[in-house]
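Next up: some structures, all given as structure tokens.
First subunit A sits with subunit B, and in the next complex the same chain sits with subunit C.
After this line comes the complex of A and B, so read on.
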């Protein structure tokens, strides 16, 4: 090992200690609790599978996450596609606007959506006064409201991931397609889309993993009617004190996400995304 | 009217003029090269012909039809890029089939044409490969096959050989000439390499600052450069300053005073006595005066072996630097730092119009 490498290694030690002490160790604690609390054995895991309430929570989580991911990736692709076509100056402004939500607390964003979506909120008032509807629509405190809030939260991440990928695509390949006689729709479906698959897959994976763990947004916009895993865990831990069930469910979710990532990494497009954008 | 007519094409980016009123006529089946240093407008002109750059003024007429406002996809031209721009997600076969599929050819016809095109460029064995599994020269051939598959009316080539190494470049030059002969398609080729331009073109258009400053057959441009810029850019020329004395009718150049040769035009070639002249490197020989030659004294400043011979750099009595190319073995007596006598035929000295 050279002097430089020894120094570099030494510099990683504090971060490693923090990560192990505050992250890896608690995870093992969770794992241990799931087998030990309230009494040693697989009881917690067995009870998970027979429990109808937990089944509902898991199903809600999956449905909401999949819908959020699908909507987020499609909308983000449209925005990212528009951004990479812009001239440099406008592109900077657009990216700045995409990042604005990052500065606003997730709590504030959730309550803003309530103001907009509730029965006598901004949207329903406008639609009623315009004569488009006679009765206010139920836009919040249900799955729809939760998905709106989550899509809004995830969009900037997905947009930035896709802009990075779409911006890397060699424009000469697009020009080549046009010079060969491909009309705009053909260029999009046959060239842009296949070349952006690595970006799309990484944005999808990122969004779905994030969505599975959402707590604040579904709690506020769902108002207890759209119960997702994170909120369920929080209730088990802080209110009902069923730590065994909560830790077992956390462990299962961690394993599920791990399997999802491992499975995704087997796909060539995903490997390309991590290997530098080669399709 | 010519096959392709480009009229007074102008394009500016803010204050920067990319094309300053370019006129160009190309005959059907011609191989024409746009030659110039980077930023001289040659690629801007090519991309305007392809339709990717909209000119501010002027028009492009192909076979009697104005194509100036047509989108690139509607022009039916072939375009080969410097980096080849193959579709990385498609196999060689699908790359070549792409323009045929978008033209909604029948499946059988596509398969037949793809096979014929790959045979034409010698890649029939590699049809199933992806572009990244090919060498640079092979990718270049795929790009050519793809751009020629639909029998385009024009093939536009943007420095397609500049990424290849020297030996491969010569092979590809021959390959391009063969494709040009066998397909009969009109080729418009952009390069900054004058040797490449000489080797392949029927005609060369030399670009400087967004204008064509000279157009003609390679031999004509080499023998009669129209300006100081062309004489310097096309290579092999020594540019020298001379003075004309009207009273005696003599030129002082290379540290000598010689009688103005026949082709020196007193009215055209000087401005207040200043004359720009050029001498080709291979027209200067080592040795003393002989009938029909003028000799002059120089100091040797460098010798360089260039394979086919030696390139000698010398300084003349009037402080001009000259390069001369002599056959290998003829330079044995040349010593760096030592004086030397050279000779040149006055009728081979070229004179330029004042800039």
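After this line comes the complex of A and C, so read on.
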């Protein structure tokens, strides 16, 4: 290690101390609570598996997260694909527009969706007046509304991840495919898509991990009808004071996400994504 | 828990009035004080000195309202200052404070259910009835570990424009989709929800507790697709404003705000579900016995009427009625013409069963 490297390492120490103090240590406290509340042992974990209600919460969370991820990645791919084809100036504008939702609080976004989707909302009014529907559609306060809100939240993340990856693809390979007589569709399916798999897989992983922990969006857009893990945990911590069950469930969720990441990392596409796209 | 949420909501209402200029700063601060919500106003956490009473409530607008309704009269009479900390006296927070022997609150604005839970756990002092005059409050409002500081109710609110002028007569109509077509709203926090369902199903008030949960779920299930569940008072109000719902099980303070905004929104007191909020005294409170003098003072009718006018919270002292204008009485859950068919929510039942019930309810409504 050079003198410079040692200094560089030293500079990361305060951040590491903060992260361990404010993140790792509390996580171990959570872990400890899950074994100690209300009495020491594995009781909380055992009760998790016997509890049909928690099973339903977990199932809802998985269904909503998987659907959100699938829709997000497909839509984000379309947008990212269009963005990388744009000339530099227009591309900058498009990326700017993708970033705009980042500046708006998740609460404001959820309430905006209610304004659009509710029975007397913008969308239903337009559809009714256009004669497309006779009865307003139930677009919010259900799973559909929750997924709309979550997809909207996740889109910018997925787009940015995919733009970075698609922008890295060597255009000479595409030109080579065209010069060898491939049709545009063939070029996309046989060249673009395989080359963009690292980007797709990292966007998928990122979106699903994020989706599993959604709290505010399902609570507002689901209005009690879509109960996901994060909201369930928040009720157990702040209202019913069942900290043992809550910490056990969050520990299990952490382990599940850890396994998901570990499993995904074994895939060559994912290793390529972390290796900079060329590994 | 429901009471926590209600107190917090009253504070939001007063804050809104203050912002829109309907309350002057002084009145606002008093209202907040009444609810025990001072931290937002006083940047440093209020800490009790030898000669001070510290109320803890849920912050926001209730900081000033509590100060005006409860604090000012006590200070005027005794010279002892009262400060209001809006940190929120969650049962967990009180427990942590008492266990670490670092109690900074003299009296907390919780709710009868919390008072029972905290009393059972040994985290609060019994109310000293040699000092506190229990005849100041109405029947069933003075318990071992809590005494009622104000009342509130869940009522059946409706949008008269959508009902075509029809007025619902009770919870039976909440379930009558033919007479009152359209969506309804209920609260996703359990207190006062299953009672309304069981009343609609014909259960007599005297047979209400223990709640027949299975019967309530069976009755509620067919109605679920027509219900939007609210989780905060402002949201329940918004659902009416947006025209999303025609009927709702909402707090009377929110129904009152809706009515003031637009006379088409109204509510019936029929079969209202009546709650008591309560003062509790954390074990080892800094001001010692003196806090009971404060509690006595807070039960005087004048201050309680002030709080009613500021936030809509109903007095617990029956004598307050004599000081009320007809306008005040219209929003007072315990006014005789309003309370005839009221059902009292049983705190002891919730203290023992709420956690279990809440989880079952959340699971049931999200199926």
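As a convention for this text, the second predicted complex is superposed on the first by the 276 of 279 C-alpha atoms of A that agree within 3 Å, B and C clash if a C-alpha of one lies under 4 Å from a C-alpha of the other, contacts with A are read in each partner's own complex, and residues count from 1 in each chain.
Keep in mind that, in the parts below, a contact is a pair of C-beta atoms (placed from the backbone, for glycine too) under 8 Å apart; a residue touches a chain by one contact, two chains touch by 3 or more.
Everything numeric in this text was worked out from a predicted model, so none of it was measured.
Q: Are subunit B and subunit C a fit on subunit A, or do they clash, once the structures share the same frame?
A: Overlaying the two complexes on subunit A (C-alpha atoms) leaves subunit C and subunit B fitting together cleanly.
Q: Let me test your reading of the model: by the given contact rule, A:124 touches which partner, first (subunit B), second (subunit C), both or neither?
A: A:124: touches no partner chain.
Q: Of the two partner chains, subunit B (first) and subunit C (second), which one does A:44 touch, if any: first, second, both, or neither?
A: In the superposition, A:44 touches no partner, neither subunit B nor subunit C.
Q: Could you look at A:194 and tell me whether it touches subunit B, subunit C, both or neither (first, second, both, neither)?
A: First partner only.
Q: For A:182, is the partner it touches subunit B (first), subunit C (second), both, or none of the two (neither)?
A: After superposition on chain A, A:182 lies in contact with subunit B alone.
Q: Between subunit B and subunit C, whom does A:170 touch in the aligned arrangement: first, second, both, or neither?
A: So A:170 only meets subunit B here.
Q: Between subunit B and subunit C, once the two complexes are placed on the common chain, what is the minimum CA to CA distance in Å?
A: When the complexes share the chain A frame, the smallest subunit B-subunit C C-alpha distance is 46 Å.
Q: Which residues of subunit B touch subunit A in their complex?
A: 50-52, 71-79, 81-83, 85-89, 98-99, 102-103, 132, 146-147, 150
Q: Could you please specify the touching residues of subunit C with respect to subunit A in the complex?
A: Contact set of subunit C toward subunit A: 1, 90-92, 183, 188-189, 228-231, 242-244, 354-355, 358-360, 362-363, 365-367.
Q: Contact residues on subunit A for subunit B in the complex?
A: 170, 172-173, 175-184, 186-187, 190-191, 194-195, 278-279
Q: Okay, in this complex, where on subunit A does subunit C touch?
A: Residue list for subunit A touching subunit C: 53, 56-57, 60, 118-120, 141, 219, 222-227, 232, 235-236, 238-242.
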